[in-house]
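I have a structure here, written as structure tokens, and I will follow up with some questions on it.
Think of it as A, B, C, D and E in the order they're written, each chain with its own count starting at 1.
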Amino acid sequence: MSSQGFWLIFLLPVISFVLISVLVKPLTRRDSPVAGYITIMAITGSVILSIWTLAEVLGAPNHEIHVPDIIWVTIGDFTIKTGIIMDALTAVMVVVVSVVSLMVQIYSLGYMEHFVHHDGDTYTRYYAWMSLFTASMLGLIIADNLLLMFVFWEMVGLCSYLLIGYWFHRPSAANAAKKAFIVTRFGDFGFLAAILVLYTNTGTFDTAQLSDMAATGLLTGGILTWAAIGIFSGAMGKSAQFPLHVWLPDAMEGPTPVSALIHSATMVSAGVFLVARIFPIFAHSIEAVTLVATIGGFTAIFAASMGLVMNDIKRVLAYSTISQLGYMMLALGAAGIVLNHEGHVTVEAAKAAVAIGIFHLFTHAFFKSLLFLGAGSVNHATGTFDMRLMGGLRKAMPWTYITFLMGALSLAGIWPLAGFWSKDEILITALDGNTLLFILAMITVFMTAFYMFRVIFMTFHGEYRGGESEEYRHPHESSKVMVLPLVFLAVLAVGVGWWSLGGNFAEFMGEHHPHAAGFFDIFASSPWPIISLLLALAGIGLAYLMYGSKRISAEKIGARFKMLYNALINKYWFDELYENIIVKKALLGGIFAGFQEVDANGVDSVVNGVAEGTFGSGNIIRRLQTGQLQLYGLFIGLGAAVIAIVLFIVS
Amino acid sequence: MALDFAFWLLAIVSVAAALAVVLLRDVFRAALALVLCFIMVAGLYVTLSADFLAAVQILVYVGAISILLILGIMLTRDVQRGSLSNKLRFPALLVALLFIGTTIFAVFNTPWGVSAGAPVEPTTATLAGRLFGENGYILTVEIAAVLLLAAIIGAIVLVREK
Amino acid sequence: MNLDLLAPEISLAATAVAVILLDLFAQRKGLLAIVSVIGLAVSAGFTIAMYGDPSRTIFNNTLAVDNFALFFKLLFLGIAALVILSSVDYVSKFTRFRGEYHALLVLSALGMMLMATATELITIYVSLELASISLYVLAGFLKDPKSSESSMKYLLLGATASAVLLYGMALVFGTTGTTQLGEIAQQVQTLGVQGVIDNPALILGIVLLIAGFGFKIAAVPFQMWVPDVYEGAPTPITAYLSVGSKAAGFAVILRIFSTAFGLPNWLSLDWGIVFAVLAAIGMTVGNVSALPQTNIKRMFGYSSIAQAGYLMVGLAAMGVASVGETIGQSTILFFLLSYAVANLGAFIAIIAITNKIDSDLIQDFSGMFKRSPLLALALTVCLVSLIGMPPAAGFMAKFYIFSGAVQNELLWLVIIAVLNSVISAFYYLRVVKVMWLGEPASAEKVPSSGALRVALTLTSLGVLALFIFADPIIKAAESAAKMFGS
Amino acid sequence: MSVGLEHYLVLSAVLFAIGLYGALSKRNTIAILLCIEIMLNAVNIALVAFSRYVAPEMLTGHVFAIFIMAVAAAEAAVGLAIIMAIYRRKGTVDPTDIDSMKR
Amino acid sequence: MDSGWLLAIILLPVAGTILIAFIPGLSERLIRYIAALFTLVSLILAVIVFAGFDQSIGGIQYELKASWIQAINANFHLGVDGLSLPLVLLTAFLGFIVVLISWKIHERVREYFAWLLLLEASILGVFCSLDLLLFFIFWEIEVIPMYFLISIWGTGRREYSSIKYVLYTLFGSAFMLAGILSLYFTTEPHSLSMVDIANRSGVIVQSIMPAAVIFWLLIIGFAVKLPVFPLHTWLPDAHTDAPTAGSVMLAGALIKMGGYGMIRICVSILPNVAQDFAPLLLALAVISVLYGAAVTLRQTDLKRMIAYSSVSHMGFVLLGVFALGEVSLTGAGLQMVSHGLLTGLLFAMAGLTMHNVEERDLRKLGGLARQMPVIAIVFSIAGLGSLGLPLTSGFAAEFITFTGAFSSTIVEGVEAYTLLAAVGVVLAAGYILWMLQRTFYGPVLEQYNGVKDADKLEKVYMFAFVVLILLVGICPFILTDVIQLGVSPIASLIGG
């Protein structure tokens, strides 16, 4: 297989999309699941190719395989190429994306069945878009230049838009979709600007070349910093970093598998991936990496705090996602700060430095998608996402419970599950980077454990509180096709962390530091892992006291800290600020309305005024035309006299 | 000297007659004043050694046009409200004064190429030559004839009932 | 004596007499129009036969037979023929005087032809009066109150303007001692620049000439008779007035000003600027006043004031142009031709329509596309031409006349003129709008006679042809104007 | 100062102005015709004076004047005819009343 | 040998007009078929010309030159280069499509199709003319058919809008005429040939007028058409009140004449002046983009919204043109084609929606995606293209324009203008998505149950549009290679 064969990873889902929209839709019945099968087959192909890619990359020198570019557009000296890059980062990402996607697609067969049979949905539209998304996401990952990345970046945004608004007849879904698109586009503006800046100053879009230029000092100073900040603004939008985080919780309006795939595991982490992809540029700007770390660290605790009080299970998970993405950004930023302090930054060093953040991305993808799919399973049984209507599902849905618990433990960072390993490395890096951020991160560990087990206790423990309606009186376990992916993902959520043991993952990414080797060695090297583990356990314990045994009244605490509680439950009023104050009042109602006024009553009325003025002067002039012939004669005489006098005066 | 005196007399009387035409309320009397004015102009022609023209003036203006106009006045007599002035009196006066002003300015600032040559006298034969001669205005005379034809047709068409 | 050079005029005079005589005997009055048109055609035949011959003067330099005169003669003959054709329906309503109607039309055409030919002030004056007196009568031909009023206003103001003109001629005669244009030119040139500046009587004379002829061509501020007279006169006569008498006025102005007052340059610059200012005011006043009009004939009255303004742009260019340049003259010739065709076409359609609906109000043209699609289409084409939009003669005419002005650094005037065209689009298109968008008042078709259809077809095709085949016509105009060049 | 060209020209201008004033201000159309005749006479005086003083041997001014007289007669005839026609229909010869067409 | 092609492309619709207008007794059906046939053949010829354009030599090809009016040295001179060729193709395509769009017109069919075809011919003529007089004539001829199309078959305040359109256009072209005349007399020997004048570019032989004055006279005419703030207010009215086909033609092909004229005449004939005034025009571009987008966001009428969005999108063209770089000019050219397709489709879909639902107020629409899924999908594709989504022509064009403008070294401070203009893309997302949501999403409304979705014919032209949008989006080189041939000689004139 020639190296151009890597395109297939991306092309298989594209083919699936085209097949579904061109052939399946017109040729099959509305409730036919053929579309699902096609998608699953295509993505299975992608998974196999991804794993093969991983193997190839593992075996390649420098863990990098060069694939020749294809020239796309040429205008004079201006050339746009399309090409792919296969390195460690890509390999990890394609595996994550294709595997999670495959699980989600399988799960969706079961999940969507309900809607197909009850609400008149179709598999075709759903799977067409899912295929398109997977294709775009894979394209984004393998692209070797910023322009192509931007193209797929926008495409995943589109798919996100379409899938959030999948139930477009619900106004909330339609609004959420629009909000997601516009908020991310706001960030993308910075991305686009950065591309323009970089292209203008370097003449290339190629990430590898740009990285080299940054490393060799060809690209420095303000341009570099501004480009990095621009790119980061794109990443902030996609990865829902403060202050562009507002769209992600609302995005939960989409079908749950969509949330699992797009809004937890893959697309939202694209921001992190993007920063990692051209990390050398960031690493050369202390301002940029500090910004990344700060935004990341702040977002982590900021989002976690809102997760503490939400009653909608998916929203809790959504805030958790934002928080974890913040962690990843923190990891990248902190690593960058460390690197920057060390002085000369090579491309290799920069590439290696992203290992910690990317590893968390890797583990997070599995356990967070698992959690979402679990939430979807719960939703199937209860008809709702409101945890206040759940409880005691442990008995009715044992498989869901067990897998969800695994996910939660992993997320909480409990040894020896995957989340523990990735999170711990971040904490250590943060300590190296900035003490304040480290403290925030530690607090976040506690919060994370607390809100996850709040979910566990409210959902699976205690007595069942009845679900959404009478129909859901007797909850039951979901079908096999849904449970199977849960189990598979649970296994991954437990085990993938072990890749990092002994620095294997870091080495794969290009780092060559010695690492603690075994399961227990980590506790020996420093006190912080044990402290963070204790913090997490404390969070679980508090959650148990408040929601498990109910020895502490949640209401009372809520009442005592009323201000704080209101701030949290209202999401710090950010939606209010954005939608009502900035968009509706300031822009639409203010400036834009002003423009509209100017247009209607200014510019256009000048035009109409000129017309009316002309007309009016016509009416005035014709008054002279009195029908009195002697007046006409007077004008003849007067005219001649005036002309003569003027000429006399002139000459 | 006699010529000067004649000029002043004729000029004053003709201006007075013209003013009478303009100022008299009775149109009939105005018409009579106009006849007087025409006669004075004929006199002026004589002072300018235009004897034939003076005769034509008497014949055409005094003899024909005046009679025609008086006839018209007679025919429209029953609506005689006099010949008042309209609202445009003052603007009209202004225009008239402007006209006099500019003309006088022009007249007195122009170096007239006054010829020393003596006037042709009597003018009849020379005029005949100019009008009907080989190098004269014979064609213009013909055009004038056609013009009179058109006027006659027109007058007939206009005055006769449908 | 070269009487054969006068063949067009003589045949025309004969035609007039023949028509009157025929009226006495003929029972079929339709014959009158046919005879008149034949007479015009014969005259045109003589004219064409002379075309291209070198310039000659006859009758002691009172008449010039040159391409310029011949161009205008053909123009007047064409105009008169079209007016006669378009009058056929109109005249058939008359019980009497149909012979006189045609005779007067022919006589006024004769007057106009002589105006274009004459090179001597007295002859010019008499010819002008021949044309005018015939038109005074024709304007009052209907003898209803409006028609008579229009005739009276036309006559009294025309006579006043004539008096002013005569005073101007007298002053010019007084300062130069001659009435021959060529001799006047020599005298003025020997005066030189300083001589002219020191000769206010001459300048006053020229101003009074501008006033007198300005009346004829409807130049501001001598134009105020136009809307009233146009509204009251019989519609074919309005058409005739709007193109014939205006073209004759321009013919005389062109000849007098380019022959007699072309040099010294200071003088031509002087009157050139006067015409430029009058043009700017004229077109603005005309167009702006036309906007609120509801009577189509009155609207065309104002519009013809505006068109005179555009034409005067050519006069201005002619005055400003350097010695020997004749682009101003040739652009005016071409514009006059295009304007004549388009305006006549429009009037012919209007005659047909108003004959049926018995109203001159624009709103009564409503839905004409249903009652007579071809009339509506032809009128639309002519209106488009009058706006000055392609693919019609008016566009070429404007393009050409404005190009002459731009060449002579009158860009400001051209900008005023093109903006005026925009204003004019509004009222012309209102007629179009009413015809094509409005609902017809009745489903009855609008009939038209064969003669009228012929005239209409000729004009509307002419409007298009003058656009597409502008080249030979412009060349003809240039060759006609060239005689003023050296 | 002996009488010369300027005297005749001033007289002509005065007469012309009087005629013009009358033509613009009289409320009787026939009176207007009268005034126009005064104007034409004024022109004739100027023409004849020019003929006498500027080009005494050609008599062009005389010729011009004769033509003006002829045209004036024709114009007066047609003018009267029109006035008669209006008078028959409207019963007035006042030009201020004859304004059915305006604006 | 190949000189007759362009003439045929232009004359076919004219012939169609004449046939339709003057053959008596044609049935409505037959008229439609005649119109479709003549425009289709014209389109096919345009495709052949496009395919036959020799990209290895560039320059002007398919030239046809015949002397017309010798007195003013005017020629009947046709020809296409890389700049005009895509626009010819676009116009021919839209010309055919609008006939299909108009299939359901039943009022005064004969006149309707006659005007429609004449409109197409005149726009084609503008893009093919190489003589200034001819260019101007075609430019003016277009006004009349459009006037009738809006005023007879339009909706709303159609009489106001149509006359406003005419007067605005004439206002602009009045200045343009003065500019053309001045240009004519500044050349020696006087010439109206765009090619000749451009070849001698910058050499003002006889300085009757300062070049700057000529430049502004010309640019006013083009700015009205493009449209550029503050000369844009005709556009929302005309687009809104025109019949669907009229809106498609207007937005799709007609306003491109403005951008084309700016490049073809202003920039290539007076490059130095263009450079002098580029900052001012760039500022106007930014204002047009942002102001247009802002006002778009305030609209509640479906078509009016799309109309205002055109103001914003054509601002990108102005940006690309007066950034004066080779890439930015190419981008501007591509943006014109792209906008033609996208907005053409948007108007077609809006028209269809309005026709089927009989409602155009966005506040009263909603939930139509269930009732008319095909229209919803195609409308969405057009909308997404319009907001610059990758893989659609909108992205390719906007991106190339931005990159070209940003990296252009000709004009000082062009980066800031470009970035400001790029904010328009964010706003575009706002209004497009809002429009789609208000129209198609949300609860299904009872009163629209049973409204028709697209029928077969409509699906055909939708498909054609979508294919082209994606084709240009994915393979922009098809057009950019050609456009670049046209603009690179122009770009090389500018001292950068």
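Some observations on this one:
The rule we apply is simple: a contact is a pair of C-beta atoms (placed from the backbone, for glycine too) under 8 Å apart; a residue touches a chain by one contact, two chains touch by 3 or more.
In this text the structure is predicted, and so the values were computed from the model without any measurement.
The chains in contact with chain B and with chain D alike are A, C. The chains that touch chain D as well as chain E are A, C. Chain E has the Cα centre that lies closest to the mean of all protein Cα atoms in view. Chain centres here are C-alpha means, and the one lying farthest from chain A is B. Measuring from the averaged C-alpha position of chain B to that of chain E gives a distance of 70 Å.
Centre-to-centre, using mean CA coordinates, chain C is 26 Å away from chain D.
For this pair, chain A with chain C, the centres built from the Cα atoms lie 78 Å apart.
Averaging C-alpha coordinates per chain places the centre of chain A 102 Å away from that of chain B. The set of chain A residues that touch two or more partner chains comprises 611, 622, 625, 627-631, 633-634, 637-638, 644, 648.
Of all residues in chain B, those that touch two or more other chains are 86, 88, 91-92, 95-96, 99, 102-103, 105-107, 112-113, 115, 136-137, 140, 144, 147, 150-151, 154-156, 158. Of all residues in chain C, those that touch two or more other chains are 122, 126, 129, 133, 136-137, 140, 143, 151-153, 156, 160, 171, 174, 177, 200, 203-204, 227-228, 426.
Touching chain pairs in this entry, ordered by label, are A-B, A-C, A-D, A-E, B-C, B-D, C-D, C-E. Residues 3-4, 7-8, 11, 14-15, 18-19, 21-22, 27, 30-31, 34, 37-38, 41, 44-45, 47-50, 52-53, 56-57, 60-61, 64-65, 68-69, 71-73, 75-76, 79, 81-89, 91-93, 95-97, 99-100, 103-104, 107-108, 112-115, 117-120, 123, 126-127, 130-131, 136-137, 140, 144, 147-148, 150-152, 154-156, 158-159 of chain B are the ones that touch chain D when the two sit in their complex. Touching chain C in their complex are the following residues of chain D: 9, 16, 19-20, 23, 29, 32-33, 36, 39-40, 42-43, 46-47, 49-50, 54-55, 58, 60-61, 63-64, 67-68, 71, 74-75, 78-79, 82-83, 85-86, 89-90, 95, 98-102.
Put simply, chain C touches chain D in their complex at residues 121-122, 125-126, 129, 133, 136-137, 140, 143-146, 148-153, 155-156, 159-160, 162-163, 166-167, 169-171, 173-174, 177-179, 227-228, 231-232, 298. Residues of chain A that touch chain B in their complex: 628, 630-631, 634, 637-638, 641, 644-645, 648.
Partner chain E is touched in their complex by these residues of chain A: 72-76, 78, 147, 150-152, 154-155, 158, 161, 165, 168-171, 173-175, 177-178, 181-182, 185-186, 188-189, 192-193, 195-197, 199-200, 587-588, 591-593, 595-596, 599, 603-604, 606-607, 611.
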